[in-house]
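Consider the two complexes below, in which subunit A is the common component and subunit B and subunit C are the respective partners.
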Partner chain A sequence: MGLRGPMPGPEDAADLVAVAEPAAPLVVPSSRQLARARRRASRGRAWQQFRRSRPGMAGLVVLVTFATLAVLAPVLFPPETISVVDATGDPLSPPSPGFPLGTDESGRSILALVVWGARVSLVVGLAATVVSMLIGTVIGVMAGHYRGWVGMGLNRFTDWFLVIPFLPLAIVLATVLGASLLNIIIVIGITSWPGTARLVRAQTLSVSARPYLERARALGGGDLHQMTRHVLPNVMPLVLANTTLMVALAILSETTLSFLGLGDPLAPSWGALLDGAFTSGAMTVGAWWYVLPPGLCVVAVVLAFTLIGRALEAIVDPQLSGQQR
Partner chain B sequence: MSAPALMAQAVEVHFPGERGRTARAVDAVTLSVLPGQVVALVGESGCGKSTLARVLLGLQPTSGGEVLVGGQPLPTSRAGLKAYRRRAQLILQDPMGSLNPRQTVYEAVAEGVRIHRIGDEERRVAEALARVGLRPPERFFARYPHELSGGQRQRVVIAGALVLEPEILVADEPVSSLDASVRGEILALLLRLRAELGLTLLVVTHDLGLAWNIADRIAVMYLGRIIEEGPTEQVLADPQHPYTRALLSVVPEVARLEPIVLAGEPPDPASVPPGCRFHPRCPLLAAGLPDEVATRCRTVALPVLPAQAGHRAACHALDPTMGP
Partner chain C sequence: MHTRALRRTGAALLAAAAVALTGAPGIAPAEESPSAVPAAAATGPYTVGMTTDVDSLNPFTGIVAESFEMYQLMYPTLTTSSAEDFSPVPDLAESWTESADQTTWTYRIRPDLTWSDGTPLTARDAAYSFNRVIDGDYEQTNYGGYVANITRAEAPDDTTLVLTVSKPTPLMDRLAVYILPEHVWREIDGKEVRSFPNEPTDGQPIVGAGPYLLVERQKGQFLRFQANPTHWRGKPAFDELVFRVYENDDALGQALRKGEVDFAHDMQANVFDAISGDSVITPIEAANYDFSEIGFNTGAALADGTPIGDGHPALRDTRVRQALNWAIDRQVLVDKVLAGHGTPGSTVIPPLYTTLHLKPANPYTYDPARAGQLLDEAGYPLGADGKRQDTDGTPLTLRLLGRQESQESQQTVQFVQGWLEDLGITVETKIVSEDTLIELNGQGNFDIFEWGWGVEPDPDYQLSTFTCAQRSSEDDGTIYAGLSDSHFCNEEYDRLYAEQATQTDPVQRAETVRQMQQILYDEAPYAVTYYPDMLQARRTDAAHALVAQPTTSADGRPGRQLFQFGTWTYDAIQPGAAPADGASDAAGTQDTSAGGVSPAVIGGAAALAVLGIAAAVLLGRRRRSDEDVE
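Showing the complex of A and B:
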């Protein structure tokens, strides 16, 4: 009997870390508030961990900068500055005090276009990721939770989507749906979910084997209860970390599609800028100021999202950070 | 004798194996648990005792036979089974694993109340926690499982089952993952709950010492079949079946027996031996039995023990007239 003593509740509780200070016994409805406070605390811990990751913080700084610029775009550069009709500069003029990053073939300021492009690229990236994450999570959880032909069928369906080459499918879809911002979001969303579905399915399978799912069944919980109360909360952190990585991919996809001329011609995204540079011959006449800024912005934002995603992944999956060290 | 609270009648569970080999995890088991009784289901790993427990809870479909609850067949419809869950609850072996790490104690205990939409959640949760000795209950509401000791976690699991006010509790190895010092307390708690609430308990265990401490009756299972059954005192004081004797001989508390170490391979439910299923490992047979009995051991299948009071064992050496 040399181990821990027996454990009538309260005494043993006293020597536990004083996490929840003894609430006044009569504040009964506080149980949920307490739980909420505990969740806040655990989010606080995650933030502390994130702050210790240098690459993650660097990514966050870059991202916040771009997001601020994107939000402030209409203030910094009124819409008429990027209108082809109202353009004031000479076509394809190199950087000058008036146009810090030069002008495009219509005489518009590249700086203004790049800032406006951040808006489109970020919106498309985030929205497409949300679409892909929703589809991927729903299909992934169901494929992992349901045994038998439902799970099998969904898994094969995911595999099938996974092996379709992305670009041809996206081009076909974009052509069929037509070139608009919303369609670009849909196209990227429905071509990029299989990866998420795979990840979620694997995680669901491992959660499904835990005894607490059997306990939930024994308590009378149905499939929906098990999936929403037990599987999802345990899968979500990984999904969220994966989401940040997905945004990077979505932005790249948007750039690719716009560069191929499948984007919204009215929305000045970075991909559309690169497309403009290509079609106007900026690359052959050596107008580097037209090509480099949007290209570097894509690289910077994609890198920022990737760094944040990796840092988050290490927080939600401690094993991963152990391997890196 | 009132109707059994829980009864298995010739229950079979087969699992499909590789190349058409079917594993007979539970093979014609008849077992009855009277209301308010504590029955221990004892056997080594893989003998089908946990599968049988899940069958009795309606968590595992049967391949044959019937389960009766209070004399009525176990419901098969979704709604019927859900209603049955309020009457019969399960306690699992590993309390850390059976609590969702992302749920607080309150959420874990309230889960059943929410599933069955019983209402009056706060009061029921507080009551259940107090009943299992976690007092004052409010202090545990916002705790997470990893902040509790093993014994406290198992108490939370028990509270989560009690919150539905079940009549029947099936505990699958309820203390085998706990410290020795905590075991006694959890067992005492289970016995107290039986006395206070009139619970019917089925305890699945590999530990005869535990069965001795808690059970009114013991059923010993070997390779999917119950081979000896009877009141605890009689089974443990006067074990009939050579397998029960071997199990009992290695319980440290029982010093009076010479340890019997069973020879041979651990049994494989996919290839049940003909005749007595224990004969390849039987120390009696190995030591030499009359030719006639030995032949019966190897060729004549034993009858399924009927569910009735008294102490019975299925063995050719005990009763050479036993037939299939």
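Showing the complex of A and C:
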């Protein structure tokens, strides 16, 4: 349970006892075992809370559906179905039994492309988020932990990134680095970390004022020890909740950049599909089947991540959950 | 006109970003100015829509084809290309003669002409313009090819221009060097000209002598011209001419449909098909002089023969390049990439130029078996894993580059990748910007790429791009790209190139040019993929009497009606529908337009609205969480 959690109530105490009991009769559990048991218990509780959040569960169902589709893409639609050379449909033909969502300008099935697009969009979204989260957490923890000019400098550095408008920076970077999936991940990663960094820094500041950090310092714990053993575990829940929200933003960013033709046009992400529709005149032709499916998929997945993220946030941040209930 | 490498630079990405962000792309621009509903007033502006902006109005700076359209509206040339068949016809020069010893050409300039500011326009302006290019440095960029053999330009009197050439030159009746007003341009020195915008300030038109005068320009939005009342072919019927720039093909299609523009230039195939059914629109599927190619690194080198770059050695083997030619299904590319609006490609001089084009006796058809056989012969047999490999067992892996700016290019490379992989070749495809591609081409760091050229009526420029001398050059350790992107070098070809450059008899020269095409076809530095049609469309009620160039092409179709070599349409066009035009309209075609577009627009708007809400929610959320922790 996160540090800012409520004082253990009767229910929590019962949990603790229940978990600790099987080990108790023989040996006194080590501190490590205790910690592990405590964490397991808190995870179980978090899951209980999450299950009570209806929007969160809805998001999870949507997300699991898309993830399953993405994983099964090669089975459902063999790679040949999205190869232009082997395409069998007429260009831009409306939905039909053979092509439930119609075809693109090369005669490929939009349904197959959208399912394959889920792979690319999810992978890019997750990978970019990992990059962003790593940078954001490292800088955030350091900025909060070190006082003086190091913290100040890192903080200003974050501010500086925060005020640069995202899109122009991303466009310039994508143009300079060239169009590829890896570059898109890098671009999104290094343009979206400042929010995480500030969040983490604020939490770090709050954690640093706690007595146990004072104790750690008094016992001679170094900076690295304090940051990794005490600060990090306590900001982690917040980071995870933030991450989930960040994935949604990353997927939107990937869609935006691909739509602008800055992604890898050969990888069928949803953004690249929208770009394809846009440049092949689908709007004038009236090919709604080319525009709507990828657009709605983006909305669904972004919404799913947002719902899950907010549910998680409510769990790790009781103040927020208090407000909401 | 000097259409360098059909460099359809496409809408600048940043500008595209701006449009995309403001919401419904393709709908927004049309709604901004509902005032431009088809002009009932007969001489209201004739509005032309295009998707590429003019890159510069300075004739020494611009590169894209759209810019050259502006130059020829503003400035005369000595001769121009006829609307019928591109043959040279008088423009500023009434007549011209070559001296018996083939060392001088004398042009008789029209008498009693004035520039738009009242200053007389004489042979001295013409001599000045030529000498500026001959003596110039920066000025050579666009026009150096025309004056390569010209040593001196003189004006003995107001109506006589004498050009002295160092050797017999067939190009002399096609000198597309714009004649500029000396009294304006002599104020701009060789350094200043590099950044001179040549755009109107404080409402004064740019001094010119063409059929139209440039009065206003808003970068990325429009260019406005006024008819030149003193033009020697007479004042054009439309008092005002406007070119509007659209960020994307859909927007251009909608603008034409709504009557915001009267003419749409260079349309995307699907958009063209969709609007062709409209009863008020006349589609123009014009024969064209562009070609697209898959180019190969034939062994990159500097002009002196020093090898450069990291091109795959397999492509130095003619058999491999031929194999790749047999592996490309050109008809599929035409059907799928161009939606049928084009013809499969063969040689580098398009069939539109009937007298010059070579129709190969033994054309490359789609024949994977033959391609495989050639690869076997060249030493790249199929391995046990179904992949081609060389004698050491290294898999044959080729890099393929497509262009970010062109949807057609990206589609083409996907097809080519598929076909090559069917042959057992491993293909690594990458999409790069055109600037990057020029650089990679120049340095020889590529294997295969996709691009295209626009070929002008005189074949010299196009043919020069395959000469040894046009390979890259080195200066102070920096490698500069020449015109050759395949680094092709062939002794016999170079000999024929030099020969055609001195053949002033058109028939003999055409024969040489065809021989050169045969060499290129057999040696295969390029696989010419297709000749795309030029897709234009116009509103039938806005004007009539437009002129096609050429009147008829090899396959019997007329050519484009604007953006030609010469200002034929602008001189002839008349306001209003043609007196008995009804029958010739695209009548009888299905009228799906109204029903077809609305779901797309509604659907698109809905999708964008939902996206917008999602984004707003997310951003709002993020802002709040930031506030929370502060």
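FYI, the second predicted complex is superposed on the first by the 292 of 325 C-alpha atoms of A that agree within 3 Å, B and C clash if a C-alpha of one lies under 4 Å from a C-alpha of the other, contacts with A are read in each partner's own complex, and residues count from 1 in each chain.
One rule holds in what follows: a residue touches a chain if its C-beta (ideal position, glycine included) is under 8 Å from a C-beta of that chain, and two chains touch if they have at least 3 such contacts.
Since this is a predicted model, take the numbers as computed values, not measurements.
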Exercise. Considering only touches as defined above, state whether A:Asn234 meets subunit B (first), subunit C (second), both or neither.
Key: first
Quiz item: Is subunit A touched at more residues by subunit B or by subunit C?
Solution: C
Quiz item: Between subunit B (first) and subunit C (second), which, if any, makes contact with A:Pro97: first, second, both or neither?
Solution: neither
Quiz item: Thinking of the overlay built on chain A, is A:Tyr212 touched by subunit B (first), by subunit C (second), by both, or by neither?
Solution: first
Quiz item: In the superposed arrangement, does A:Ala179 touch subunit B (first), subunit C (second), both or neither?
Solution: second
Quiz item: Between subunit B (first) and subunit C (second), which, if any, makes contact with A:Asp264: first, second, both or neither?
Solution: second
Quiz item: A:Gly220 contacts which: subunit B (first), subunit C (second), both, neither?
Solution: first
Quiz item: Which subunit A residues are contacted by subunit C in one complex and by subunit B in the other?
Solution: none
Quiz item: Which part of subunit B faces subunit A closely enough to touch in the complex?
Solution: 57, 59, 78, 81-82, 85-86, 89-90, 92-94, 97-102, 104, 106-107, 111-112, 115-116, 122, 125-126, 133-136, 138-144, 147-149, 151-152, 155, 157, 160-161, 164, 179-182, 184-185
Quiz item: Of all residues in subunit C, which touch subunit A in the complex?
Solution: 13-14, 16-17, 20-21, 25-26, 248-250, 253-254, 268-275, 336, 339, 402, 404, 407, 410-411, 413-415, 418-419, 422, 429-433, 436, 592, 595-601, 603-604, 606-608, 610-611, 614-615, 617-618, 621-622, 625-626, 628-630
Exercise. Can you check the complex and tell me which residues of subunit A touch subunit C?
Key: 83-87, 91-92, 105-107, 167-168, 171, 175, 178-180, 195, 198-199, 202-203, 242, 245, 248-249, 252, 256, 259-262, 264-266, 276, 278-288, 291-292, 295-296, 298-299, 302-303, 306, 310, 313, 320
Quiz item: Which subunit A residues qualify as touching subunit B in the complex?
Solution: 1, 3-10, 12-13, 16-17, 19-20, 22-23, 25, 27-32, 34-35, 37-38, 210-212, 214-222, 225, 229-230, 233-234
